[in-house]
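Provided herewith is a single structure, encoded as C-alpha cells, for subsequent inquiry.
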Amino acid sequence: MPNLDDVVREIADEMRQRTDRGAVASYIPELARVDPGAFGLAVIDADGRAAVGGDADVPFSIQSISKVFTLTLALGMVGDRLWRRVGREPSGSPFNSIVQLERESGVPRNPFINAGAIAVTDLILSRHQPREALGEILRFMQFLAQDSSIVIDEAVAASEQRTGFRNAALANYMRSFGVIDGPVEYTLGVYYHHCAIAMTCRQLATAGRFLAHSGRDPSTGHLVVQAERAKRINAVMLTCGHYDGSGEFAYRVGLPGKSGVGGGILAVAPGRASIAVWSPGLDAAGNSHLGRIALEALTRRMGWSIFGG
Amino acid sequence: MPNLDDVVREIADEMRQRTDRGAVASYIPELARVDPGAFGLAVIDADGRAAVGGDADVPFSIQSISKVFTLTLALGMVGDRLWRRVGREPSGSPFNSIVQLERESGVPRNPFINAGAIAVTDLILSRHQPREALGEILRFMQFLAQDSSIVIDEAVAASEQRTGFRNAALANYMRSFGVIDGPVEYTLGVYYHHCAIAMTCRQLATAGRFLAHSGRDPSTGHLVVQAERAKRINAVMLTCGHYDGSGEFAYRVGLPGKSGVGGGILAVAPGRASIAVWSPGLDAAGNSHLGRIALEALTRRMGWSIFGG
Amino acid sequence: MPNLDDVVREIADEMRQRTDRGAVASYIPELARVDPGAFGLAVIDADGRAAVGGDADVPFSIQSISKVFTLTLALGMVGDRLWRRVGREPSGSPFNSIVQLERESGVPRNPFINAGAIAVTDLILSRHQPREALGEILRFMQFLAQDSSIVIDEAVAASEQRTGFRNAALANYMRSFGVIDGPVEYTLGVYYHHCAIAMTCRQLATAGRFLAHSGRDPSTGHLVVQAERAKRINAVMLTCGHYDGSGEFAYRVGLPGKSGVGGGILAVAPGRASIAVWSPGLDAAGNSHLGRIALEALTRRMGWSIFGG
Amino acid sequence: MPNLDDVVREIADEMRQRTDRGAVASYIPELARVDPGAFGLAVIDADGRAAVGGDADVPFSIQSISKVFTLTLALGMVGDRLWRRVGREPSGSPFNSIVQLERESGVPRNPFINAGAIAVTDLILSRHQPREALGEILRFMQFLAQDSSIVIDEAVAASEQRTGFRNAALANYMRSFGVIDGPVEYTLGVYYHHCAIAMTCRQLATAGRFLAHSGRDPSTGHLVVQAERAKRINAVMLTCGHYDGSGEFAYRVGLPGKSGVGGGILAVAPGRASIAVWSPGLDAAGNSHLGRIALEALTRRMGWSIFGG
C-alpha cells in the first residue's frame, strides 16, 4: 500500500504542471474571477490524519456540493417523505434541464440536479423562516467542518440571484405542479446562499467524514445520520452526483462524489477516507476537469475504488 | 458477521412467503409461460464456496444479463475503441427508448440499454460471422460458468425475433447513423440468441466471479480481463445495470448488478462474492421485484454494500 | 347561397340544445365561475352588417385572443425584427410547454403559444413603461372594436397573476436566454392584464375586421396594417392559432382563427367576414368545444372554407 | 389582374438568374445526381389552360408529393377510419423524427411526415398485395395526370431501399405498437416505389386539379373525391405539407402545398389553379428553396393567397 502523504503530494505536483484545465464557469459573474491555476487536495483518513496538497487551505465557493449537506439536513427533518418530492434516479440530462420536469409532472429526478436541490431547500423552508433556515444550514456546515469561521460569500449569492433566471424557471415550474410550496423567491434566496458557502478543501473533507464512516464523525463520535442513511446518500452521490457525467465519474474514479460549479468535488471512500479536491476549470458536463483526473489518480494508486481494487 | 448459509436460507424462506411478486414479462410470449412463484438465490464467496437457496439449480432465460458478458467479450476484441460507439452514462429513460438516440446522433447512452447492447453485438460481428460469433459467446459463458451443458433456448430466441419490432427499430435507427455497420438482421439474430441463453443461479454466480475478483476467476486463476477493466465494468453495472431503476437499485442494494427481463439479476460484491438471484415477476422499471428485495436483504445482513457497511 | 342571418340563428339554436360542452377552464380560479351554458356568435360581413345569435352581447374574458392584437401592435412597432425573437411554426405541443424552449435556445415557436405571446409583450415593453403599454393595448382594442367602454377585468388579471407559476417559468426561462429583456414581473403583469380584457362577440368580430379585409377596417377606411401583413397574420393564425389543435381546426373549420381559454374564438373569412364565437367549455387541446363545432357548421353552410367551398 | 402567362414567364426568368439554390438532397444517392440548375413551373387554371416556364416538361422524382395521392387513395378505401392510425396535427419536428412516435404510442402526427405516409401505405396494403397496390397507385397517378406514360424510376426506388434505415426504424417502431399491421418490408417496398414515381411539372399540376376544384377534375368532370374531402386534404397540406417549414410556407406563400425531397412542390389555389414547381436545391427544412420563392412570387403577383389578396 503506497503512502498516502506521498501520493497526495505527487498528485498535487502533477496537476500543477498540467495545462489542460477546462474552462472556469462564466455564467455566474462573480465565480468567473477565480484563479484558473488554483489546485487543492485534502484527504482525511479513518484515523483523522489529513494529507493535503496545493491550495488545500484556500476557500472556494462550494456551490452544488452544498446539496449533499442540505439533503442530509432535510432527511433529518422530514425523513423518507422527502422522496415524495424528489426522485433518486440519474437524469440523463444537463444539470439545469427543464425537459425532464415537464415529462414527469414537475418531480425532479434526484436531489443533486438544480431542480431537485431547490425542492430540497423548499422542504427545509417548510420548517423554518428563510433567515433561520440559512442559519441552520450554515451552522450545520460549521459543526461538521469543526470550524465556526465558515461564511457565506454574499457577493457570490447576490451575483447568482441577479442572473439566475433559469433556476427561477425551474422553481416556478415545480411550484406550478405543487412540488414546491413556499414563495419561490424565498426558496431561491436560501438556495443561492447555501450554494455560496465558501470552504477550503480541508474543511470540506472534514465535513464529509460522516459519509465515509457509517454516518458518524469518528473524531467526535457524533452520529450525524443513521448508518443506513449515510450509505444511501453515498449511493445517490455515485449515481447522480456529477450530473450527466456521473457515469464517467463512476467509471474513472469509482467513488461516490459531488461536484460544484466552483470547481470543487467532495468524494467518499467508505471506511477509508473523506476527500476534497478543487480546480476551477470545468469539463463539458460542468464538473472540475483536473479534480476528476486527480481523484482518478488517487483511487488508482491507493486502490480505493468501491468497484474493486 | 452473520453466517452466509443461514442468511441465504432465511432470505429464500422469506421470499417464498411473499405474495407481492410483480408481473412476469408478457411481451416475449415464450417468457410469459414461466412459473411466477419460482425463486432462486446463489452466492459464491471469495473462497469458492456456494450458498444456495430455492430454485438455484433451475435454468431460466438470462436475457439482458448476457449483456455483461458480451460487453466483456467485445472489450477484449476491440478494446476501448468500443466507447466510440456506445456511451457509459445512465439513460434516464426506459430500456427500449429511442428518443435518446435521436437526440444524440444514434449513439446509445450505455451498453446495457437495448440499443447499446445491440451496438456491442454488432462490434462482435465485425470480427466474426453470425454463427461463429454466437458460438464464441456461448463458449465464453460455458467457460466462465465451468459448465459445457449451457445452451441457448431456441424457442425463446425465435419468439423474440418474431415480435422484436422495437429492437428492429433501434437497430435500423443506429444503422442510419453508422453506429452499427453490419446487416441489421444478422446483428439482431445474434442479439436475440445470446439473450436466450438459459442458466441457473449457480451457473450465473460462477460466471460472474471474475468481476468480484479483479478480473480473475479465483478457482482457476485465469485472468478473464485486466483488473482495471473489471472494476470499470462494475461501475457501468452500478450506474446503468437496471435501466431507469439503476438509482433505486444502488440506493437499496448498493452493489453493481445487471437485471434481465427473465427475472434474473447478477450482482457483484467486489472482493467478497458473486451473486445470482431469480424471481420472474418484474417491477415497473422491468427489473425482478423479489430479486431486488432479496439482494437488499442480503447486503444489509452481510454488510456488503459498497457504499459502507 | 344561404342567408347569413338564418344560418347564424340556426346554429345558435342548435348549440343551445347540445349537451356536450367540454369543461370550463379551472386553472384560473376567476374564469371557473362563468356560466358553462353560455353561447354567443357574431358575424360581420364585408358590408358591415352584423348577424348575431345567443349571448353575442355578453362580455367574456378574451384571454389568448388578445395575442392576435398584441402581435399586430408589436409588428407595427418593431416590424419584422419581431421574428428574431419568435418563430412562426406550429409547436406540436401544448400551449404551455417548456420542452420546445429548451430544444430551441429559448426561442418560442410562434407568437400564439404562451411563451411566444409573452415574448411579444416584452417587445412592446421595450418601447413603453408597463402602465403605458397596457394603456396602448387597451386603446387599440377599443379603437378596433369602436367601443371605448371595453375594460380589463382586474379580478381575472389578479387571479392569473397569483397562480401563473407556469408562465413565470416560461418567462424566466426565456430571460435566461436573452429572448426577453425586461424585468420578468413587468412583462408578466402586462401579459396577464391584456389577457384579461373582457369583450362581447360583437365587439370582437368588429375588432377583427381588418384581418378579413386586407388590413383595412372597411367601415372607417382606416388602414390598420399593410395588406401583406394582414395576410401573414392570418397565416400564422391558421397554422398556430389553436395550439396543438390547430391542424384539427384547419381540417374541420378551414379558417384562420385564434382561441382563448375563456372559450372565445376569433375567426377570419378573408374578403367575406369577421367572426367571433363564445362557449366556455373547452376540449382536450384547450379550445372552445362548441365554438369550433359552430364555426364548422358556419363555414360548411356558407361555403366559406379557405380550402375550397 | 396580371396576365398569368406573363407572370409565369417572368418568374421562370428570375429563378434562372438566382444563385441561391439550396443543396440537392444527398442522402438518397440516386437523387444526388440531378442537375441543381433545373427549374420548372406549371400552372393550370380553372379553365384548363396551362402556363408553363423553364423545365416544366422534364420528369423528376416526386418523392413525398406522392403522399397526397396515397392519402387520397387510402381515404377512398377505408374512409375516415384512416384517422385512427394517423393524426392530422403539425409535428413540430423534422420529417423523419422518431421522438414524436415514442411520446404518442406510435401514432404518427400526420400523413405527410415519413412515419404517417408509411402508415397510409400500410393501410393500402391491407386491401392489396404489394404488387397490386403499387399498380393501383401508379394507375391512379396516370389517370389523374391523363398520361399513361408515367413510370416509377426503379433505380431511385432501389437506392432508397438500400439506404432507408431510418424509415425502416420508423416502420418497425410503428409495427411494435400495432399502428401498422403488415410485413414491414412489404410496406417499405411499396412506399419507396411510390415515392420514386417520376413526373413533370405539367403532369403533376394536371394530377392536382381535383384538389383545386372541389374534388372534381374539371376537364373530365370526374369526381375523384367528395368536395368535403378535397377541402380537408388541402387543410392538411397547409398545416403539415412542408414538415417543420409548414408555418413558413403558409406565411410566405399562403397556399396548401406538398413538397418532395426531389425538389418538387405541388400547390393548390382553391377555385383558381393547380400549380407544380421544381427546383432540386433544398432549404434547411428539406423543402425546395427556389420552389418556395417562386410560389411566393406567384401568389403575390396573382393575388392568390388563401389568406387574403
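All chains are identified by letter, namely A, B, C and D, in their written order; residue positions are counted from 1 within each chain.
The working rule: a contact is a pair of C-beta atoms (placed from the backbone, for glycine too) under 8 Å apart; a residue touches a chain by one contact, two chains touch by 3 or more.
Remember, predicted model here, so these are calculated numbers, not experimental data.
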Task: Identity of the chain that, by mean CA position, is farthest from chain A - done: D
- [ ] Let me have the rounded angstrom distance from the C-alpha centre of chain B over to the C-alpha centre of chain C, please.
- [x] 55
- [ ] Using mean C-alpha positions as chain centres, tell me how far chain A is from chain B in Å, no decimals.
- [x] 32
Task: Approximate Å spacing (C-alpha centroids) for the pair chain A, chain C - done: 47
- [ ] For chain C, write out the residues touching at least two other chains, lowest number first.
- [x] none
Open item on the list: Can you tell me, using the touch rule above, whether these chains form a line, ring, star, complete graph or other shape?
Closed with: ring
- [ ] Could you pull out which chain B residues touch chain A in their complex?
- [x] 87-93, 100, 109-110, 211-214, 227-228, 230-232, 234-236, 238-240, 244-248, 250-251, 254, 256, 270-271, 300, 305-309
- [ ] In the complex, go through chain C and note every residue touching chain A.
- [x] 97-99, 101-103, 165-166, 168-173, 175-176, 184
